[in-house]
Amino acid sequence: MDKDLLINLLKSVADGKTCVADAVEKLDHMAYEDITYAHIDHHRSLRKGFPEVIFGEGKTAEQIVGIMEKMQRQENIILVTRIDQEKADVVLSQFPEAVYHTDARMVVMELNKIITRGRGPILIISAGTSDIPVAKEAYLTARAMGNTVDTIFDVGVSGIHRLLDHHDAIAQANVLIVVAGMEGALPSVVAGMVDRPVIAVPTSVGYGVNLGGMTALFAMLNSCSSNVAVVNIDNGFGAGYVASSINRD
Amino acid sequence: MDKDLLINLLKSVADGKTCVADAVEKLDHMAYEDITYAHIDHHRSLRKGFPEVIFGEGKTAEQIVGIMEKMQRQENIILVTRIDQEKADVVLSQFPEAVYHTDARMVVMELNKIITRGRGPILIISAGTSDIPVAKEAYLTARAMGNTVDTIFDVGVSGIHRLLDHHDAIAQANVLIVVAGMEGALPSVVAGMVDRPVIAVPTSVGYGVNLGGMTALFAMLNSCSSNVAVVNIDNGFGAGYVASSINRD
Amino acid sequence: MDKDLLINLLKSVADGKTCVADAVEKLDHMAYEDITYAHIDHHRSLRKGFPEVIFGEGKTAEQIVGIMEKMQRQENIILVTRIDQEKADVVLSQFPEAVYHTDARMVVMELNKIITRGRGPILIISAGTSDIPVAKEAYLTARAMGNTVDTIFDVGVSGIHRLLDHHDAIAQANVLIVVAGMEGALPSVVAGMVDRPVIAVPTSVGYGVNLGGMTALFAMLNSCSSNVAVVNIDNGFGAGYVASSINRD
Amino acid sequence: MDKDLLINLLKSVADGKTCVADAVEKLDHMAYEDITYAHIDHHRSLRKGFPEVIFGEGKTAEQIVGIMEKMQRQENIILVTRIDQEKADVVLSQFPEAVYHTDARMVVMELNKIITRGRGPILIISAGTSDIPVAKEAYLTARAMGNTVDTIFDVGVSGIHRLLDHHDAIAQANVLIVVAGMEGALPSVVAGMVDRPVIAVPTSVGYGVNLGGMTALFAMLNSCSSNVAVVNIDNGFGAGYVASSINRD
Amino acid sequence: MDKDLLINLLKSVADGKTCVADAVEKLDHMAYEDITYAHIDHHRSLRKGFPEVIFGEGKTAEQIVGIMEKMQRQENIILVTRIDQEKADVVLSQFPEAVYHTDARMVVMELNKIITRGRGPILIISAGTSDIPVAKEAYLTARAMGNTVDTIFDVGVSGIHRLLDHHDAIAQANVLIVVAGMEGALPSVVAGMVDRPVIAVPTSVGYGVNLGGMTALFAMLNSCSSNVAVVNIDNGFGAGYVASSINRD
Amino acid sequence: MDKDLLINLLKSVADGKTCVADAVEKLDHMAYEDITYAHIDHHRSLRKGFPEVIFGEGKTAEQIVGIMEKMQRQENIILVTRIDQEKADVVLSQFPEAVYHTDARMVVMELNKIITRGRGPILIISAGTSDIPVAKEAYLTARAMGNTVDTIFDVGVSGIHRLLDHHDAIAQANVLIVVAGMEGALPSVVAGMVDRPVIAVPTSVGYGVNLGGMTALFAMLNSCSSNVAVVNIDNGFGAGYVASSINRD
Amino acid sequence: MDKDLLINLLKSVADGKTCVADAVEKLDHMAYEDITYAHIDHHRSLRKGFPEVIFGEGKTAEQIVGIMEKMQRQENIILVTRIDQEKADVVLSQFPEAVYHTDARMVVMELNKIITRGRGPILIISAGTSDIPVAKEAYLTARAMGNTVDTIFDVGVSGIHRLLDHHDAIAQANVLIVVAGMEGALPSVVAGMVDRPVIAVPTSVGYGVNLGGMTALFAMLNSCSSNVAVVNIDNGFGAGYVASSINRD
Amino acid sequence: MDKDLLINLLKSVADGKTCVADAVEKLDHMAYEDITYAHIDHHRSLRKGFPEVIFGEGKTAEQIVGIMEKMQRQENIILVTRIDQEKADVVLSQFPEAVYHTDARMVVMELNKIITRGRGPILIISAGTSDIPVAKEAYLTARAMGNTVDTIFDVGVSGIHRLLDHHDAIAQANVLIVVAGMEGALPSVVAGMVDRPVIAVPTSVGYGVNLGGMTALFAMLNSCSSNVAVVNIDNGFGAGYVASSINRD
């Protein structure tokens, strides 16, 4: 349940515009709802400032739709991550106002307009063209959470001048998300240029001993720059989320 | 080179209190100094807001002393991490004002008093008594970087009531550092309680399939709470550093 | 061969209702039957209280049907695990009384009604919606072995209040099966609340460094709660089986 | 806090033998005690039927003694696991009634006589002579928790007749703990002989691709016998604990 | 080039039945033939007593046919391993006398009748029904190399009586091949019963921490029975080959 | 931008054949071009002597075509690696002069004739027929970079005479690329025969504990011959590239 | 119990030289003896042709001496493997006729002269000087089991001519043991030269990605020569044992 | 045997200065010498341009001295790598002209002055002070092989300006050796700046998920710069050797 919605409801009761019985009914499912295959955590919006996000992998399209039906009554925005085209088609046939982002494999449904806030811009940098889908997932998440988000794509360390040319955008960011596969060196170089926190996102891009992204992950955890923290492989969503929590006023 | 020191020097030149020749000499080594076995990055204080930190492992006591001698002319504070008792004894015999913290295996030398700043308190929570040395390294680092730091030790998830009793301190923290070995579950539970960023630090505490901390690390990277980012195993220093960069005004 | 069937046969001989020659014929294949591609262990029901369970993976539909034909003469119940829809269709066309459970990928054929026994309820708790198929396999197995089984789904540690609300059901269970993927933290928290044995089941749900379930497995083996024992990744069947052996009178 | 101690205290208050003020003082630290480096979970005895056990690894001798001093006021028995000879000497110099078991690296301090209970005997079987220390840790734990415990050592699968000769003891056990290193095959064979639960304990005994016990662990998790659940490598303590929770009346 | 063919050719020259020019032409390609994508090692039959075996994986059907065309002029038998149905169809359309074994994924083409030799029977034992394809590959290889081969399938260690009942066949074998997936315990038990060499073959049968057969492999390499040597995962061919080299007169 | 093209342009300006305005337009995109999903590094030809190579994996056909359109204005040759048939069809429909090599999964588009240079021949040796695709990728790369390249395929160490017969070609090579899967032994043997540098390329050919090529990789890194350096698994492109950089005059 | 000793005893009874009572006493402990910390498998000599071998690692010197005291009454030879100097000193002080081999870390006690038998010579080849200790363990084991054993040390593949010069000894061996660390290539080359079985022994010699011998092990399991079977890392004993079982008449 | 020495000897015979008998004696051990524990490959200097290098690990001081005694008669230079202080003391007591380099753990014995040759300078760059020992091993090896060698230490990617300032030295090198631990990013950045070959050396410097250098190794193998080839972890020797083979005229 969104905090603003809750405040408005309570004000409305105070003003006598909503009778107590109606308010009770609306608040009834506030903590969580048990729909057998899911305990929907409606309280999360209040506790954490953003509603539960639906992890699409391993859920049927029907389960996703079922959870969305319960959530839409109480939330301003609904995100579904890691959802393939086929399931997304089912979801969009039920919720035409939802949008599916193919590269990020993500459904975004804005029930109310997102209000921009945050201490400064979040900048997302990716090392290669193949890393863009993960960077996009971070971008969509951070934007959905109300941040101003900028992006620079394909500026890997093998041509360091491409990166250095973007020095100004890098210096102005309040939080940086750096996405890279292969040897995962980019976060170290970027973090060495700034004093702001860098969230590093390893991707599974590469082959052989990239080990499905483990090499980039381990490289980032071993960064010789100290203002770096790391999220799981290909976890653009998590990077956008934690960057947003850092950027919150 | 500390920014305040630099500003004071330039003001002093402007005021005619320092002659240009003396200022030139002082600024000469500003970018970095090459002492054969090290390129000391004096520019780092300006660029990143905190001087280079000496990683003690794999350096001889003589190398550490040599680097400290160069740094003390330009910095307000010097940290040496991962330094054992034997090397620390050599260091302290040269720098009696330095302090060695046995459990955190860290030397801290405050050349000028640390000025407290930051947006709010940083809270460090550790799962078990054996995790305290890593938590202490995070504590000393965050404090040296000018933050207010609080700690709660030994509140693992097998007795969840111990954690819940500290709810107020948890809710008031601006950034949280959660240190845990074994199954590494504590960051997920703590992060589920707050909307602020949580820096998770896996430790090598445990045996068998703790895999020297890999299990806790992987568990934290797979956290079902999204406001979590992770640093390397036993990297209390990195956690303190990145938390400080988040907490900076 | 089911123990009750054996006792009835022997009583029937004692009572003169069955002649010795008929009894010999019936008992002939009691120890095991060699049908080239399988040594069916008919003795297992007597020795272990439950017949051999058919592991469907890597067997052809024909082999599964062949084994079931031999078993149905001597057993009360037949289970086939890890059987996909295509093979199940073949099996059900031969044995219309069998039931296929799609999510658990399991065939259950009750030849006689299952008699409920056991010291108390077995409670199955799962962390996420995506973990339900594994939880269902545990559920079907434990129920087939004659236990009262309850379930609570989707109560992961990122919203701990959802779990705490089910405290009563947790406290009343005689054995608990806790199913979780990702960081695998749930068994530690649940086990910290009770003095009964907890069987932890890691699932392959997650991505990146979940390592196909290895992270959850290792986390569970490192549990800081001591009343936890673990089975293989996605092994809901094994969890149901061992929980049942614990719950047996 | 032991449940019996609590009941006696309350009866004593009811009988007027203890005044309320004294009872309050005694109960004051009941939930847990925060002694900076540890939150001692006194409530655990009530909640889980056995007090917190001190994990000796990574704690100083002074920390262990400090925790024991607080615990001895409220508990019937104190266990310290994974404690080396040197630390144990310090502990025993403070608590002369404590006993150190060299092979199991465990301190046992019985403050009151252990009352034997449990549904039947727990049987501990080990594969080789080198596995005995781990088996002993399981033995001491299960005995400390009030069980009747029997042992059979050095009956590995390369001479299967040695195992089969102990068939009677195996058949009579209510719970079995099977300890093995190297290929870890023994639990499968033993579990195939009984219908009771088997707790398998892999040990780090072996070399090369025993991988510090990982091979035995994985083998046990892949057991073709289904009444097997597994604990961490060398975790004799955990095996004894979970077996005891199974055996509890 | 088969040794007998070579001897006959030379005898024929000695007897004047074959002129030197014809013999030269026939012997011309004896050492090896370079057909761009392969150096066919015709000398191998002389050096090692069996012709080169074609590893089908990663070769096109055309390459396989091309190699077979060159080999059939000089060899008595041709084996193709790890060849799928589709490629096999192409091969059989060119060589109608070749036989495709679906479960073993192997093509066998006997150009001359195989002469049985060897010091005694080779016995192949497999743990489960799902292990049969690997066992079959070993069987076909050992038989193609001129051995008497017997098989016992599905006698895993969870029902040890099934194995012990085959004691006579086990005792009479000159070499034993033991095939097992999951925990890979069977070779240890079988090897403990005999003084003959046991070739252990791990299979990828299982799931979770079977790790694609690595667990069975490592378990077999750690066997507490010493008359065991091991081949690669699912390498039935290698087991049949090395067993045959042991069994050679 | 190719160096020769640049020189010609500048000469043309000097000669008055090209006006300054035209030259400026041509040089405008020289450093790199930002086309949203890629920063094309046109400067690379000048800096590194060869243009950026397009890594096809993870890019859409449209992105590949888009990058090629920008590159063809400035380069002599364009390579696309790791591109499958389907994407290649799209590319070739746009650039009919490009050639797709199916086995090497590579597109080569020669915009100007390649000029052969280099200190001597590069020799590519592969261990088995299944390793040829990787060897071909190395061959096409080294040839595209202007080298004379020879190949010897299918000369694995199990028939060492096949290798020794090619001694002359081996002795005359200036750089050697040795491609092998399975146990990866060939580079050690070849490197022991020469004093020139050997670039070893592990392939993923094999099964079981070849671990997708990791075993060959690790074996090559452990080579007892010291004139060996290694590239990533299946990285024929990298081997051709680095060999070419060594062979450059 | 040695078979010859048993036959002699029975003959002696038949001849009236030994009375029945004495024979009974002697045979009493024949199957195995339970001395608490060990079940000594006296039956092994009859069943397997060689007595149980004592694995020294993880046993105390006292346990080793205790087992040897029981064994010496019934066996012709006693081997202790993986025993360090310190424990060996204790053993030799009790059994002065025993010999300690420092490099192989092995105690050999011949109670009766070893009778040489076997079908032909066993040849042990090692790749480097550092591999000699493992080769020696194989040598001592095979010799103790009654074989003629030859050795060739330090003939690694980086100088292949050293190996080829020993062609005659290689061709004459009935079984070959090939010991190698680092890239583990030697067994493939040797096995390619002969038609006899090769037992490959990986050693932990090397550093970095030799992974404690895993790389050599995996390389050997992937050998492109098919007459190779493998034992555990550094397991010279196992190699000697299985080679002897192959060589037995 | 050094090529120059051989030529001089033959010239001396041609000139009648050396009689044939003396020459024969000198050449007698040319191919290799078998001193039981080693086959010294004297032919290597002729075949590979540099004598065999003694790998000190796993050899006794006596074995090292014994091999050096044989080599000094025929070679110009002798290197011993990975030799600790204790063994080095024994070696130096026998060969006072030898020099021990403590940080590189290497003995260098120049029997004749090294003649400098090679196409250009070899440049060794290391990321951190702790990487210097490995860089030194590379330096000593390359210098011993007759190259001009320069070094730049401690220029990691977290302060990229330190590296860029050395641009000239980097541009002039004919071969570059780049040594780095932790995330191993430095070779990618350096290789992006040049068109010459880069030999990357991962070190074991770091902790946690540096995995003893595996992370740096894998990162380097995944380099997005293509003119990079890699050697084993901490293998400064190999890097110096292969760089020298590249730099040879």
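Each chain carries a letter (A, B, C, D, E, F, G and H) given by its place in the written order, and its residues are counted from 1.
In this section, contacts are C-beta pairs under 8 Å (C-beta built on N, C-alpha and C of every residue); 3 or more make two chains touch, one makes a residue touch a chain.
Everything quoted here is computed from the prediction, not taken from an experiment.
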Third chains touching both chain G and chain C: D, E
Steps needed, at fewest, to go from chain B to chain H via touching chains: 1
Contact-richer chain pair (by C-beta pairs counted) among B-D and F-H: F-H
Type of chain E:chain F copy interface by residue overlap (half), same or different: different
Taking each chain's C-alpha mean as its centre, the one farthest from chain D: F
Per Cα centroids, the chain farthest from chain G: A
Averaged-CA centre spacing for the pair chain F and chain B, given as whole angstrom: 45
Whole-Å separation of chain centres (CA-atom averages), chain D against chain G: 39
Chain F-chain G separation of Cα centroids, rounded to whole Å: 50
Touching two or more other chains - residues of chain H: 128, 158-159, 192-193, 208-209, 214, 217, 221-222, 232, 235
Chain-chain contacts as defined at top: A-B, A-C, A-F, A-H, B-C, B-D, B-H, C-D, C-E, D-E, D-G, E-F, E-G, F-G, F-H, G-H
List of chain H residues in touch with chain B within their complex: 128-132, 153-155, 158-159, 161-162, 205, 207-209
Chain F partner contacts - residues on chain E that touch it in the complex: 31-32, 36-39, 41, 43-44, 55, 57-59, 63, 67, 82, 202, 204, 212-214, 217, 232-235
Touch list for chain H against partner chain A, complex: 127-128, 156-160, 182-185, 188-189, 191-193, 206, 208-211, 214-225
Of all residues in chain H, those that touch chain F in their complex: 47-50, 53, 192-197, 199, 217, 221-222, 226-232, 235, 237-239, 241-242, 245-246, 248
